[in-house]
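You will see two complexes here that share subunit A, one where it goes with subunit B and one where it goes with subunit C.
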Partner chain A sequence: MGRSTPSKDAQALFHSLHSAYAATPTNLKIIDLYILFAVFTAVIQVVYMAIVGSFPFNSFLSGVLSCVGTAVLAVCLRIQVNKENKEFKDLPPERAFADFVLCNLVLHLVIMNFLG
Partner chain B sequence: MAALDTPEPSTLRHAFGNVLSLFILLLIGVLAFSIRLFSVIKYESVIHEFDPYFNYRVTQFLTKNGIYDFWNWFDDRTWYPLGRVIGGTVFPGLTLTAGTLWRILNTLNIPLSVETVCVFTAPIFSAFASWATYLLTKEVKGVGAGLTAAALLAMVPSYISRSVAGSYDNEAVAIFALIFTFYLYIKALNTGSLFYATLNAIAYFYMVCSWGGYTFIINLIPMHVLLCIVTGRYSSRLYIAYAPLVVLGTLLASLVPVVGFNAVMTSEHFASFLVFIIIHVVALVYYIKGILSPQMFKVAVTLVVSIGLIVCGAVLAVLIALVASSPTKGWSGRSLSLLDPTYASKYIPIIASVSEHQPPTWPSYFMDINVLAFLVPAGIIACFLPLSDASSFAVLYIATSVYFSGVMVRLMLVLAPAACIMSGIALSEAFGVFTRSIKFQLPGVSQNSPVNVGDTGNVIQNDVVKTEKSEDSLKERPSRKNKKKEKDKTERASVVRQIEKRLLVLPLEASVIAIFLLVLLGAFYVVHCVWAAAEAYSAPSIVLTSRSHDGLHVFDDFREAYGWLRHNTEVDDKVASWWDYGYQTTAMANRTVIVDNNTWNNTHIATVGTAMSSPEKAAWEIFNSLDVKYVLVVFGGLVGYPSDDINKFLWMVRIGGGVFPHIKEPDYLRDGQYRIDSQATPTMLNCLMYKLSYYRFVETDGKGFDRVRNTEIGKKYFKLTHFEEVFTTHHWMVRIFKLKPPKNRIRGKTKKAKSKTSSKRSGTPKKNPWH
Partner chain C sequence: MARKTGILVLASVLLASIASICDSAAIFNPISDAHRSAASELFSLSDGSFGSLEETYEALRTFVVLGIEKEPVIRTSVCASVAETLSSPSSALKDLFQALRVNGILKCEINDKAFAEIAFRLKDSVNAANLLLDFYHSIGGLMLIKDQTSEVDVHLGDADRIFRSIKALSQSDGRWRYSSNNPESSTYAAGIALETVAGLISLASSEIDHSLVATIKNDIMKLFDGVERYDDGACYFDEKFVDAHGHQDPLSASSSVVRGITAFATATEESLNLPGDKIMGLAKFFLGVEIPGSAKDLYHQIDALACLGNSRVSVPLILSLPATVLSVSRKDQLKVRVNTVLGSSAPPLSVKLMQIFSSGSKDASVIDQELKFDPDHAVHVLETLPKNIDVGKYIFSFEISLQDPEHKKRYITGGRTKVPIYITGLIEVNNAEIAVLDSDIGSIEMQKKLDLSGENDVALLANHLQKLRLSFQLTTPSGKAFKPHQQAFLKLRHESGVEHIFVVGDSGKKFEIILDFLGLVEKFFYLSGKYDIQLTVGDFVMENSFLRSLGHVELDLPDAPEKAARPPPQLVDSYSRYGPKAEIIHIFRSPEKRPPRELSLAFLGFVLLPFIGFFAGLLYLRVNLKNLPRSTVPATFAFLFHLGIASVLLLYALFWFKLDLFTTLKALGILGIFLMFVGHRTLSHLASVSAKLKSA
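Right after this comes the complex of A and B.
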């Protein structure tokens, strides 16, 4: 019955979401894009697995987990360099980025073991 | 237990406190190492018990052949004729650790034998474990509690029982890995640093390498995350501490051959994935909440909840269907017996038959953690006073580990660190309160307010709210630390006054007496621990001693028997014994065994159990079909050694009967009672185990009096037709029999016997697979 109000609400919601997101700094937006890309790649692999099957399971596992891992680490980086997070105002962005690189290095060294 | 050095106001005193605590930690490490050397001093530098012998043998192989051969090692000297793939079925952490240690020492031109390195691995790692405990407790409740907990852990009897010198088992390094992983998790949680999260994943990897108990970590941490989310303590630090751990940890765990893809396939790990999804949803919700106005957020919630519920329902349905489709619901037997304590005794006698898988008795709590059992509740209360993320983790840790220790006696080992942490917190808080009230009431000191500020500094640091604490731990450079200290002090001054009023209500006499009693308690604990280390837990169990009126007796029968086997039998001879002695036989005698302590093939063990509980002829046939040349039995009746084969015999019957139904347990019991005297059943008196154990026993004292069962044996004079005695050790503890070769001309006899046995067997659905 109240079909119109939720849809109007939803419209208003998306509008305010959009305007709120537009205010984020560019470097965070770049990270967001990166995260989206990683998640999208993971989703493609899962869909492929659902259609074709997970036979070389190590390849599937490492492929999906490398994408998910990349996304998770990028989210962590985003949390740490976000100026609005008061908890991390002591942490310089350079340090955050160094941690990010280190963690990625470990992640992909492990992933390499699953290749083939 | 000097755990009361508090952070001082001035930098100099602060530095002094640091040096002092470093020195104390060093002493704690020395204590942890040296209290475990009683076994070396009282006996000798040998490997203990059963499993350590296997680990020792694997380490020898590793140091001799290198890491690549180790991964591909197929061992044909055990589980004959099946063999065992060692590289893929063993937790390699301990072996690799000791192997690396040995290699490093050798490159430094310190020529230690592999055995020496193996013997001392456990004490070294218990020193590391106490340092890890210090770090963990420091994150939870400050330096004082950390030092106390480390000192307690260094000598907690439960941990000593698994890590005396020579007890070269997985738990020796695993407890260190466990505590250190928890420390890094808490550290990552407190600081929100990705660096510590990475280290945490690597420490978790080491834990997965070392012990099957890693599932405890991968379930406890998600539980804590869930607890934080439910109680509204979600923070982005929690996300950073948890999400990378799941991804990296899962990947690293699947690198270990023995775990492999189980890391994503079995239910033990599903909790972590579920919480991984939940934390992402929660993180997204918090993020959107942050950027939206409250009113718009309400709209978004109603919108998302309706859609989200449907999606969650679908995902849950898929998950449940996946889990339910597997027969054991995706849980391994040992985990199931943890969740349902009666599971093992119902379905898997082989797990139930191991004494360390039994539930513990009440006295064993007092024996193993002693006064800590009384201090733990106080520690839990202290954790709640200002509940932080870290202290809630400690509370969760003790709660779960108490449950697990109640199910299996060997998981008391997981409880011990938790109990030490809690007791350390309790003791240090109590000391803090008492000493402060004494200091405050002493004349001359009470007026001196700076001292009080410095003294309560410790409490302030503990009592600060969560956010402040995280800031504290974020301060890394001393310069910044100083600046903040100055700023903090002014803020704190007002808080100090309140706290002093609240805490300093204890009268002087009461606090003096209380301190005295606490010290007494600590002294009692130390005395008990030293006694436990020296007397209860240092026996290597391959060398036994007994003290009687005419001095000390040493029973070195096991090594005598294994030595005999090593020197008097062919290299390729197969030796059959109950599985307890499999590891020792392969390691010490270097002979092929049929079954060993790995117990991976129940049917194979049941075959040996059936042979032991069959009459001589049938047993000879089973053993002969397995190529067995020698049968080894352990017999304690002469010297009163209680854990001998006759006492384990009912488990052989049970396990054998579980696979071969013609072995029935009631046949061996007279009116439900297990007895070996003249009242025993004929099946019992004619089975191979009875005959091998008591053959010629009557010749020792003329009556055949069994000193373990405290009875005269039922059947005294009998001959063996298919076996011959080849060796019996000095105290008759190990007896070795040889299978007689089949006679040349007994065609008629064998035919009769064969038809008899085959008709007997024909009704049974499962036959001996080696026929």
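Right after this comes the complex of A and C.
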């Protein structure tokens, strides 16, 4: 090994991460993509709030919590669907998806009520 | 506003003093045009008639007495009704009587045969009757037939027997009973009985026993002994009996008695020797009613007065005055009018002013001056008022003396008539001055003469150590000091609207008020500044009562100590109290600061970016829909599953836009069950497929 520049180390780290992630099953990648989508949407709303102020505050909260909430639910789904997790070995992914859909519908009912 | 208050004060004081003077003396005016217009109003036609025949008779009788022509309007319809009642064999006795009464006035064309039939019926019922009203109606009916036609024989044969059976109903106090079973006696019934007896005397074919007639006369005297009397000389017959017809008021009872004695006196053609003051009192009672409120009362009043007006008993003469308020400055003459109760002219007579009672003092000055008769206006005039008459209220006492000794028997004058008279005049205001005095020595600091007949505008300065003095004299037209009844007020009005009213005292010769400001500072709430001065002097005999602004005084009062009372809040002006209220201005929350439109739209675009990124990522991962079931039934369920989710989201959107929570939850319940079912079918199908793959 010997001395190496931090950028190279970082590059190597990213590379290894990327290659490790490439082995992830496609359905998990879709969930990850969905999580990213939700988180970015939440971030954009926070930025908007930081620029113009929090006037319709409940609308802002609804928007952000809708994104965060669905992201959290997606994370839960990912945990249950992942075959590496022995804990949920006996749980079929279809059942996990059904939970995900149900929780999303309940969450959004509350969000819509709160939206004003 | 201030002026209005002053006028109100004046008016209320005037009313109070006028009310206090009306004690024993009272004026009764004869029947006038006011009664005629009231009669036209009270007896108004509804559907071309006055109602029942009884009401029609009362209306027609009143109109005849008052001289109102109304017959042609109703003649046809009323005559038809009269003819129908008279020709019908089933008509009640009372209806026959009323129809005959109406016919007596209208003189409808009824043939003698009909009259003869009715007379036959009436004679039968007279012989069979035992109730007072039956006697009254049948004998009254026969009397009316006698007046209306000479062809029919209406004479009653057994008059003495009928007389006795009517007399059996009389009571010891002069009143009568309606029937022998009813022990209650009534004054109204007494009047009816007298009328019936009078009718019987004129219908009797042979002379009635004199002793019987004498007992009736005795009854009348007893009836008059029980007459009630008011303070002003009015007499009336009280009615204690209450029957189903409601004849219980003194007016109808007195009216009935007057009708009865008049009829009786006419029938017997004898003098009843009734006390003149009671007849006069009855006339005063009927006139004192003035204009009654109901048609029935008006009939009773007018009919009774008509009986008194051409009574064989005695005709009361009523003394009335066109004006009881006389002005000495205008040199008004005292005029007296003497009429009969119905307003027709009196026989030649002379009126003397006997005495003048001054208000407040019991002693009267005896005048004994005859009034001059003015034949053009039919009034007696006192050309000059007696010398010692000054402004004020008096009671004049008049006496009527008839010139013809024959008339003295026929007419009654009621002795001396006392009439309240108000003498007014212009009051002179002299020596008015207003001054500011130094408190300790009383030396005059500032003095101004005032002319209270015109406008004044004095400007005075004073501090709390000084006094304000206002004095003036009032003189009557005859040169005496005039003393209004505590009706001189001084008003000080501060700029802020706080008012103080003081009564100007009367020291016998002059009116004077001294305001010591030292003692008044607290009352003035320590308010320094400009005070407007206003003087009010008034009396009901003072023709030139005034309310004048005198100017103002600038007061310099010490500062208020801390505990001093605050001036009371000023009363809201009554005009503004009921006027429009001040407009209510609503203060709304200012709208929140909104970002520029462009920025918000830009961020809307930014929010969509991750969504696009999500789709791009999906494409990058080469996601496909190959896992969708191929066979028809699972595919349908899968499609329905997605459709269900879409519809729930759509429902949420609707919830946001327009629906309420309850509607949404109901719809969501139904959709949820559907979604559960199809979701379960779809996902279990997928699970079974993947399980098969695994096992394979």
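Keep in mind that, in the parts below, the second predicted complex is superposed on the first by the 112 of 116 C-alpha atoms of A that agree within 3 Å, B and C clash if a C-alpha of one lies under 4 Å from a C-alpha of the other, contacts with A are read in each partner's own complex, and residues count from 1 in each chain.
Please note the rule applied: a residue touches a chain if its C-beta (ideal position, glycine included) is under 8 Å from a C-beta of that chain, and two chains touch if they have at least 3 such contacts.
What you see is a predicted model; the values in this text were computed from it and never measured.
Of the two partner chains, subunit B is the only one that A:V68 touches; subunit C does not reach it. Put subunit B and subunit C next to each other and count what each touches on subunit A; the higher total goes to B.
By the touch criterion defined above, A:S16 lies against subunit B but remains apart from subunit C after alignment on the C-alpha atoms of chain A. With both structures placed on the common chain, the touch criterion links A:E94 to subunit C but leaves subunit B unconnected. In the superposition on chain A, contact of A:I79 is made with subunit B only, not with subunit C. By the document's definition of touching, both partners, subunit B and subunit C, reach A:N113.
When both complexes are overlaid on chain A, the residue A:F57 reaches subunit B alone and has no touch with subunit C. In the superposed model, A:F37 makes contact with subunit C only, not with subunit B.
Using the contact criterion defined above for the overlaid structures, shared-chain residue A:L28 touches neither subunit B nor subunit C, since it reaches no partner.
Overlap of the subunit B and subunit C interfaces on subunit A: residues 113. Across the interface of their complex, subunit A is touched by residues 592-595, 599-600, 603, 606-607, 609-611, 613-614, 617-618, 621-623, 645, 648-649, 652-653, 655-656, 661, 664, 668, 672, 679-680, 683-684, 686-687, 690-691 of subunit C.
Residue ranges of subunit A in contact with subunit B, taken from their complex: 6, 9-10, 12-13, 16-17, 20-21, 23-24, 57-58, 61-62, 65, 68-69, 72-73, 75-77, 79-80, 84-85, 87-88, 90-91, 96, 99-100, 102-103, 106-107, 110-111, 113-114. Residues 26, 29-30, 33-34, 36-38, 40-41, 44-45, 47-48, 51-53, 55, 92-95, 97-98, 101, 105, 108-109, 112-113, 115 of subunit A are the ones that touch subunit C when the two sit in their complex. For subunit B in complex with subunit A, the touching residues are 192-195, 197-198, 201-202, 235-237, 239-240, 243-244, 247-248, 250-252, 254-255, 261, 264, 283, 288, 290-293, 296, 299-300, 303, 467, 470-471, 474-475.
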